[in-house]
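A, B, C and D label the chains in the order they appear, each numbered from 1.
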Amino acid sequence: MANFGSDNTSGVHPTIVESIVAASAGAAPAYGADDLTRSVESKLSALFECDVTVLLVGTGTAANCIGLATLCPSVGGIFTHAEAHIVNDESTAPELYTGGARQFTVGGDDAKPDLEELEQKIEVSGARGVHSVKPSVISISNLTELGARFSPDETAAYSELAKSRGMKLFMDGARFANAVAGSSDSPADLTWRAGVDALSFGATKNGAMAAEALVFFNPDEAMLAEFHRKRGGHLWSKHRYLAAQFDAYLEDDLWLDLARMSNVNMARLRDGILSSHNASILAGGDGNELFITFKEGVAESLLQRGHMFYAWPSLPNAYRLVTSFTTTAMEIDEFIDDLK
Amino acid sequence: MANFGSDNTSGVHPTIVESIVAASAGAAPAYGADDLTRSVESKLSALFECDVTVLLVGTGTAANCIGLATLCPSVGGIFTHAEAHIVNDESTAPELYTGGARQFTVGGDDAKPDLEELEQKIEVSGARGVHSVKPSVISISNLTELGARFSPDETAAYSELAKSRGMKLFMDGARFANAVAGSSDSPADLTWRAGVDALSFGATKNGAMAAEALVFFNPDEAMLAEFHRKRGGHLWSKHRYLAAQFDAYLEDDLWLDLARMSNVNMARLRDGILSSHNASILAGGDGNELFITFKEGVAESLLQRGHMFYAWPSLPNAYRLVTSFTTTAMEIDEFIDDLK
Amino acid sequence: MANFGSDNTSGVHPTIVESIVAASAGAAPAYGADDLTRSVESKLSALFECDVTVLLVGTGTAANCIGLATLCPSVGGIFTHAEAHIVNDESTAPELYTGGARQFTVGGDDAKPDLEELEQKIEVSGARGVHSVKPSVISISNLTELGARFSPDETAAYSELAKSRGMKLFMDGARFANAVAGSSDSPADLTWRAGVDALSFGATKNGAMAAEALVFFNPDEAMLAEFHRKRGGHLWSKHRYLAAQFDAYLEDDLWLDLARMSNVNMARLRDGILSSHNASILAGGDGNELFITFKEGVAESLLQRGHMFYAWPSLPNAYRLVTSFTTTAMEIDEFIDDLK
Amino acid sequence: MANFGSDNTSGVHPTIVESIVAASAGAAPAYGADDLTRSVESKLSALFECDVTVLLVGTGTAANCIGLATLCPSVGGIFTHAEAHIVNDESTAPELYTGGARQFTVGGDDAKPDLEELEQKIEVSGARGVHSVKPSVISISNLTELGARFSPDETAAYSELAKSRGMKLFMDGARFANAVAGSSDSPADLTWRAGVDALSFGATKNGAMAAEALVFFNPDEAMLAEFHRKRGGHLWSKHRYLAAQFDAYLEDDLWLDLARMSNVNMARLRDGILSSHNASILAGGDGNELFITFKEGVAESLLQRGHMFYAWPSLPNAYRLVTSFTTTAMEIDEFIDDLK
């Protein structure tokens, strides 16, 4: 029986568990003054080929919202896709952290914000001055919420729009590893070289326990971020345990290997679905998420057999399938067999 | 060389590490719908001899501030001791989570808020109506910030004052285990039976990695707390890893054993200091914290030999010594030898 | 030349000016402890046929947002029409005052929130628990933003939906006077008898200088409102000047007379437009607002002749015409002549 | 019988009433696009001998808190005197507008913040980094809350301290007119030439109805202020009525004449008190406020005779006497007679 419910239901990768265990030996300075944290910062600067400012936190919501709070004033507007995680899955966290900024949403295929609609919404909001909301941030997700990947050129188009209006570009990278794994472009190409100001670089969904890195490509913009982390209660006292996760995650490209595994699993699953007459693909597949629709009765039958996956309410008759590094070929094949 | 710097510099207790490792086997529902979380809730209800509502989070600041946000309206005032952690060590987190409530501080020996001064400050604030701030919460810490323990009767006195003004009583229990370990009273006696409305029950400083339990003794008051946790970004997706820490912490009284070890270490350290002419005790010693002053030059000499401890700025010429479950008798004796 | 631009461009009615002038005689207690304020409270309780709690403030945004802050927790959602003033014309004031609550919008003819869509959005938001937003308030405007009036039965339908979900019903009554003037129902029937919890009762657009009354029909719910007013900086020290405006406004039904004048002016204007082939009505007309579309070139020609009115961006090719108590029959006839 | 209770209990000066009445003639653009607003801006730029950015609002709390919100980030600290109005009389408005910044208070004679203590508090706060609060603004009041006036040199000392720490200097000028009236220095000397970044320039206590000007001496810093005003609900639709008050207030030095009258009245009152054995002066007298103590039984006797003044809780056995432009020599003499 296959579990395609969520990459949040997986356990922690053994190498990361080992790193956590190893970190327990002896005392270490608290609040990020430890050696492991320095190591993570070096590795991320090397990975992104530039000096980055890094804040490690335990959840994706924290990474996203501390990032947004740093880039967006309380009187500001954040423009993003209607499917975005920050819109639908983080309660009023963006409002809390920004001090009451507002999110504006647009449509767009594959949960990529439609550029024209985006520009128009920004225009409308900006035109009314203080009666409306000050356009401040464009936020995109890579992978998008519908499992699609942005190319550097696509990202640069958002950046150009943002820069032309004095706005910032934020990237929610909860599944950034899967985006990199599916791309021939470097992490630097996919982010700051394409104009991204800050990125939340996820690890939790890809083998870590509770660890996300908020990465600023311009240290000046990160000035207030550390205060936002602290006042959000996200500065761990035993910070080495966040660092231990990330240190192992970044060592020997573990992060990339795990994401590749997830993506390979997804490719196998997608091939199986393409060969079936009982399901068709609606979106996704660039990384480890696929959105499909079933012929009548098929979903129920699969669920009854014990396969696990969820309906996706924003697409008609859609279901989301997610693979992870723990997915096995056997699971996939069993699912495809039952599907046919 | 002894390390009395902080209980935040210790690693994680092996039993808790094992529980984290064990939790990695297989998939588990996300966001707290897992069995381990149920187990922790049962254990805490048993421990406190009543049905409690529990929210697990990764930091003490989160536990405190989600608790305060639940008990205190944005127009409210929180009355506490000037030494309190929520005043001095959590940046503007209380303001963020409460939506802009204000803290009022009083003095008092051993960082126990002076009752008379407390009553007077509440009186003054309440008397000016909307021009001032609505008195809403009294917050005490047990252990206090100066290492003292509250008896049930002392706590009940704060509770009576709070109830007489329609206010709530919050207890910051970052070192609650050390308070219980040093007391003949039960956790229930020290909290809800003495009128405490909500408690942050710490584990991180006492052997966990990053885990604190926010405990509500009245489920109605906890209604909004889960939203506050989510909007603070403190709801872990792989929630079982918070639960795994607490499950091991509560099993077979590990929490109490570790706190007793810390307290026993402190007793040995205190005895040593009492027998020395080079230092005298200023405060603390009920749990695992001691505040002392040295004869001139002694502190510098000890630090040069490699012993580790910090100056405590709010008391004159004071230093704080903290023991933990990792402190050894050898460390203590070496410190005392060097002191003499 | 006619000025149909806004009821905010009118001056203050002479009777209200006189009341302001009269209030200047002698000293009076500050902050609402004066006799005029008592008089306004009595008059509003009489008008609404029940004991109401009243907070006078200087702007509609303040009245709306203090009301919303009182009814909606910071983790809550406010459900309203996409055309609502609180959505489009008050910047991020609702977010500021509520501490970061979120607005959800639906469609619906005449800017009346579509009940079915409303129920569905509330359902979706509530179903995801803490990951989403706690449905807390339904907000309607009477007159609506497109100039339509709610009957008591229509309002009761929103109230029933709200009550069935544990939510509150707020009414933005910036043009409530025009709604009453156009209705055979009493203020009580249009509000609390139909389940409205709080109303912002406007005066500024209808002859006052800067005065709005936030009216609570349940005094318990108003408990925190006075703190919200003060912390918003909306408690006037010389409060008698807010009261003086409202006292005159309520005396001898001035408020209703002025609204009737506006509505009569609108009826004349509407009749003229109905008789013209150069314009057709899109929405409104229940009170003092009308939304129309012109044949090509007509709008430009009217504007060039010096008539004043604004395009309304949310309806296709639409313009808004607003009458007030200062509108003259001559203005209207001149406009209609030029239109034909 | 004398009324020395508050300068908030006076009515509005006839010239300002006339200006309000005159503003009612005809229509005018809403939201500050009117000619009167332009006139006020010009007059204030002339008065301060530099290009200022001006925001008119209806209350002092609004002016102060919009100013603070513009200068202080949500993670910031505001350092001021323990007697300051923003600390004691504006509820949690500073927290609301700044998004949760914190106020730190120091002592100092005459409610002038003690420079040394101020520096020390800033030092302590800054030294703890993210665990504490980012020092951001020094706020002084001129007149101070105890009725004292700052010289340009005194103000410059605060400015130097602020600048040396990357902080801003805010001046609460609710009684700035009284400070200028009692000084030989120009408004420019007392503010921006001495390093003040923003000033709330009061009119309400000195003859206006409800009007305060928030003045920025650096237009860049004012960029976000207009959004803060709007989101606070402080942008009047019929803005000309705020402007009308200020236009008359500034015309022909009315503001200065009224303040001089208040100050002259205070001088007469002070002389009377100095000549009495039944009262002695504790603080104030530079403007229109005096803080005195009476011999036993004297206060009660004066109050019984119908004189009006309030106890001042923060000084021992103290009472505050406030004069205004409406105070008469007869009142004063009657009071002094009764005192003797």
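The criterion applied here is as follows: a residue touches a chain if its C-beta (ideal position, glycine included) is under 8 Å from a C-beta of that chain, and two chains touch if they have at least 3 such contacts.
Note that the structure is predicted; figures quoted are calculated from it, not measured.
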Item checked: Common touching chains of chain C and chain B -> A, D
Checklist line | More contacts between chains, A-D or A-B | finding: A-B
Next item on the list: Give the label of the chain whose average Cα location is farthest from that of chain C.
Entry: B
Check: So, what's the distance in Å between the C-alpha centres of chain B and chain A?
Finding: 34
Checklist line | Approximate Å spacing (C-alpha centroids) for the pair chain B, chain D | finding: 42
Checklist line | chain A and chain D, separation of their C-alpha mean positions in angstrom | finding: 49
Checklist line | For chain A, residues contacting two or more additional chains | finding: 31, 74-75, 90-92, 95-96, 99-100, 130-131, 227, 230-231, 235
Next item on the list: Show which residues of chain B lie in contact with chain D when the two form their complex.
Entry: 74-76, 88-92, 95-96, 99-102, 124, 128, 130-133, 313
Item checked: Residues on chain C engaged by chain B in the complex (per definition of touch) -> 31, 73-75, 99-100, 129-131, 134, 224, 226-231, 235
Next item on the list: Give every residue of chain C touching chain D within the complex, in rising order.
Entry: 3, 5-6, 8-12, 14, 17, 20-21, 23-31, 57-62, 64-66, 90-93, 95-97, 204-205, 209-210, 227, 230-238, 241-242, 326
